[in-house]
């Protein structure tokens, strides 16, 4: 037989062409999906902390209000990471012998900060301000999830710009009465839409999507 | 692949090839084809081919491309995320024209290229005619005619004789079946 | 390489194919260099170009690792060599498409023996051009933001920007040119597959030929498809350089903001493109023994095209300066005064000499017939077209509206390396092309010859 | 939140302490202990001079910061959070606090208001309650911040190069005092700079009580001795002259640059500018000077002459104006026409005019000015006199001579130097450096281990003003308490502590010293309340010294005048002028990159000084700009590059002091410019005849930000007289009238941010440029890159020369930043939406979206966009990062940046307002440039409220748009510069 290529090469050549074409498309699609996936955005399970602080216990069991520790949430851009003195306010009296808190006591008395690991990280060029969101009726849970059910805090929201824009374009579903801000279990009344619109008017909610709202 | 037989005749000139094809068609032969190193005037008519559909592909491809191009821009800058850009209206058709045109041309070109590939059933590195060693000159300086037979109406002898009578320099027959392939001279 | 004007009867048209070779000899003569071992000359030039490419890569690494600061750019001259070279290369690319597509539509037979060559040039030129838009970015690693894709930020490109148009124009231009070129290659690849002796070559070309067998049914669709691609390329090539010119024309800068740019850029592109074809093909036809297919006729025609486009370009210059004076806009007027008499005046006058004065020699047949003169002229014209882009970009930027922010621009070694580097890259690609692919469309030559034979048979 | 603290965990904020029950300043005092980072933390030579080699090294250093722009698309390891162990009561992370303090330059204080984030001072503003500041701050005040964090500052107390403790020094000081007791301290000398601080005066006395024979000297190279001498000549005793320019309708400046220099320049500028707008009765300014100064640039009529001729001019003026001097000797000065006209104008405005004499001029000129003012009845109206605020009125180079003599003769055993770097600033003929070598126990107290430190046995690092407790007095005597904003970053003690060491109180700490002093003062029943108020307000109310009316001693003046008239005008050759520098002052700021890179207001030269010549003189000498020449005066010579400056007097060469530093650690300052002190004579510290200029043949390379002088006849910085304004309103109208457009107007329903810049008020002082740099984390790029045209200032001040003659040009300044065009040309060319318009009309630049095509810059007709050609962030050293404003993104390499109208301030105000449920109040937002502007030339606000000042100014008859014909519809409006020439002269 003298043909240069055996018959099977027909199949191979066509098949490989198809693969080439599909490969490109599929690859692109996967990339686009991946960057929005929890794995990329950081919603992939809890982050280890130097001290085993359990929000379930403090929030759910003890019913401590978020603002007791995150005290600047209503006045500052940062919600405020509790100073060790805040821990010691209670743990100076209770569990003041507990080995679990040894590191806290050591740090407090030696005046050395404990290096916690950040869970909710925004890029440096994003300027998020807690106080304004709280003032306009956005609850903690909207972005941070049911922290009262987390042994270790996990990032639940993607924190992508697209996600931010979602709420800034239609804030109504995420609004609640100010007194319910820190109430993680709060459920809106049946017709949440109506409440949302009412609150927009009541709190003069005026979400903006201009770049400088977040980027300066 | 079912059993099939190809009878091939080699001619020195395009005229010879065309003459042979016309004659064979008059004799009622089907599944004729010609092979030449360059397009030979009149071969399409001789083979009695209908108008090519490539033109249609390109038209459709171009129009679809242009539409997509415009819609893409409209979706991005007008519908999904309108932004005040230097006080210009978000929807400004004049500035959308260039990309509309480019995408149109791109898809048009794609449909022309891949369209014609599909019509020619290429890529197809193997084809029974390649079994004939002498056929290599079909892309250099010789002109071939082929007749393909389904096993039913197999008239190898007559066909071969016809070709020789029409002045074929040489005639070859490729019998192709799933098991084996024979080439007769 | 000078060949004295061929002695022949001026009434007798110049032959497109010298002598009457048969298909076999055409095949042999056009493909022989693919089979025979590469000569020393090829290797020398090739290695030089490879060295140039390495140098280019170092410059690229420097640019990307340290930043645009390694270039000479500043504020106000925020664009310089990057964009100059981009426009220059794109322009050069245009001749290829013009020759293969437009001349095909106009059924100019003389295109046949040079179109493959010109198309290859187009591809490599566009490749070189396409490097600059990416390289000149402050943050090239984000270049993909110029493409529309659904991103987590929900941001899209801004389609009012001519730069976004560029992205689409250049990528389309490259893709279409590639398809057009490859489609044209297929029959010759098949011929190489069948005519080659070495198994390896046969397989390699066989794979590329996709199993082409010259079937009449194939030719039927193939010819139409080829024609249609030509039909698409023709407006495309016009649009691409128009869009490039809009990078400037849509801005508000004096010297940029003018409606004459699109036609004058396209003409300039063809002008420089033909110059590049000539400066490449004159040596090539000599060394590769193509004189019989790339004849004096072709060179003659190309010179005439250059003369014509050169005149269009000259008219463009004239109009610019006239309107600047006649329009009575002080900023515009100043920019053109500054071009003629400012610190960059030498570049301006070089441009005038190369692009306006030099082509005039092509009025005389003696010049068109003297390959040395033609070659030198075409090289000068390439230079001239580069200086044209320098004049347009740098002189307009360095002194615009606010005299308080006027600055001079001086290129750095990185600028020069990137420019020289792309030239080497271009050369390297070209040598590879000449070495491994049919530089002249054999099947079309055969067809052409057949037609000529037929014509002669006619009368 | 990380974005609020770009310095990350490096900042020792975690160690801030506060006792909740204490006042904030107490917490700062606590803070003042134990937060000094360890020395080795800083890499060698981290002060980032402009050479590339070190830059590369620093790029690695700052790589992490440089990646900020990438943070969006790269997953990073979890970031660390370092919370306080005990959070100070008033500190909410990310919310700035403001503290009042003061900064004394040559002993006269300007009140400051400092912004601090988590204990890091990040911005300085003027203190609105302070008489000399009124909310404004100059370039020096603005740039203080950078010198605070300057890594080149001295780190350790040294004795003959070896490290010592403060304790060790105190013991040494105690011994020294004992030794000197035997002769009452005859061998003990203190060399300080003039200082109005009550605390220092007190320590001065206490040292004298212990060691009566100890001697105190003051030295400041730019001291204004002549002014006091002039007053002594005119009134019999040294007095301080206080001019109220807001009352003066005609101002004649005899070589007085009251806008550019002088202890009270901010107030002077404010008052002067208030008379340059039609709302007030327009004042007219005549300036007589040699080198073009800021004041000269504002002049309606300017007469160029050699500095030495000014005395003759003053004499001529005095003879015409003050009858009391008539019959005096007739000066041979050929009275020029402008002189008569000036005289007539002054006469026509008796009691509403003022003649001011410059500190560079001899006492007689001051005396004559006093005489003229008295004759015109300006005294107590536009000009008033008071007891000097400064205790020591003889502090100039001449005053240094006796000390140097004693040093040579070995009569000085112990010399305590607190004056800044005398070894460098002392006139060459004194050769202070070598004399210092003869002093066995020389103690130098300074910010840097500089030229002087190298000559002294002991070196004690000084605390920066923002790290110090102390007190200071303003020009009018008003007292301010100086409180620290941060603990000393490097080991250091205050001036007061050092002197206290010689009364055995060196270990008490500056806070105790200053508080005790004020506790001792009578009439303060409730001291704590007083103290708290003083700290809070930044001023001690009612502490200004009272002015007094005095009468000139005509006879003395006439006699002096006669003597002067008899004296022939100074001899031939070129007259060499010594000028205070607009940026490095006397050289003390030479290591401040912000100031070095700040273009000189007149020449626009950065990173250099130059020998200024008039075009005529340059032509005669056959030199042109950038030619290196050798200047020789009295056998001493100096190589300097020439700069040919229109408006400069002929046969005069001027050079600014303070350059050519050789300081050991001040790497930025090293080798920048030429050291004019090398040819400065102590007996003629300001100008001396008989200099020669010789061309060397080599050329220098200036880094000039504006090398084109003229406007090319374009309507850029418009100038008009009130008359022209009345007669041809259309000339302005056509620069603002609405242009036809194809686009529907974009609605801006709420705020419409806008700015107006009044060219009549702008004096070109450039304080706004530095303020902008500080507020917006704008990098410094170095001389080479400025020369290439890559400076990063968001706000530039264009300086144009106009008028018929290049020898006597009219000067106009025009601050240009992003115009925030409503139809912004930069926006539609950006392929990635990185620059776009906000719903309130801001032209936004989104750094993190920018890919760096630079197309926007090409298409910006105002050329106000700046590009990060290199990674400049990476070059910032550890302490320099601490000063970055956490409210403003750090720009990575390869992105565009530009003026944002201080959007961070807008957003903060918006959030505060909306959290409080109100709208933003008029004046609540001030841009950095506006806030610091001494003349209130810049106004910012929202056009949506017609009552807003900015809206009023946008409707002003003088308002016009820059490059209006382009139809960009800028939000920044300019107001035409008004000239008020004398009809008789024009």
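Quick notes on this one:
By letter and in written order, the chains are A, B, C and D; residue numbering begins at 1 in each of them.
What we mean here is this: contacts are C-beta pairs under 8 Å (C-beta built on N, C-alpha and C of every residue); 3 or more make two chains touch, one makes a residue touch a chain.
Given the structure is predicted, the values throughout are model-derived calculations rather than measurements.
Among the chains, the centre nearest to the mean of all shown protein C-alpha atoms is found for D. Comparing the chain pairs B-D and C-D, the larger number of C-beta pairs in contact belongs to C-D. Computed centre separation for the pair subunit B/subunit D is 82 angstrom, with centres defined by C-alpha atoms.
The distance from the centre of subunit C to the centre of subunit D, each centre being the mean of the chain's C-alpha atoms, comes to 58 Å. In whole angstrom, the spacing between the mean C-alpha positions of subunit A and subunit C is 53.
We define each chain's centre as the mean of its Cα atoms; on that basis subunit A and subunit D are separated by 47 Å. Of all residues in subunit B, those touching 2 or more other chains are 83, 85, 88, 123-127, 130, listed in ascending order. Shown for subunit C are the residues that touch two or more other chains, namely 153-158, 160, 164, 193, 206-207, 210-211.
Counting partner chains per residue, subunit D has residues 69, 72, 825, 828, 830, 833, 836, 838-839, 849 touching two or more of them. Those residues of subunit A that touch subunit B in the shared complex are 1-10, 13-14, 17. For subunit C in complex with subunit A, the residues that touch the partner chain are 149-155, 193, 202-203, 206-207, 210-211. Of all residues in subunit B, those touching subunit C in their complex are 14, 21, 33-40, 43-44, 46-47, 49, 52-55, 58, 62, 69, 72-73, 76-77, 80-81, 83, 85, 88, 92, 95-96, 98-99, 101-103, 105-106, 108-110, 112-113, 115-117, 119-120, 122-127, 129-130, 135-141. On the subunit D side of its complex with subunit B, the touching residues are 743-746, 821-828, 830, 833, 836-839, 969. On the subunit C side of its complex with subunit B, the touching residues are 22-24, 27, 148, 154-160, 164-165, 168-169, 171-172, 175-176, 179-180, 183, 187, 190-191, 193-195, 206-207, 210-225, 228-229, 232-233, 235-236, 239, 243, 246, 442-444, 446-447, 450.
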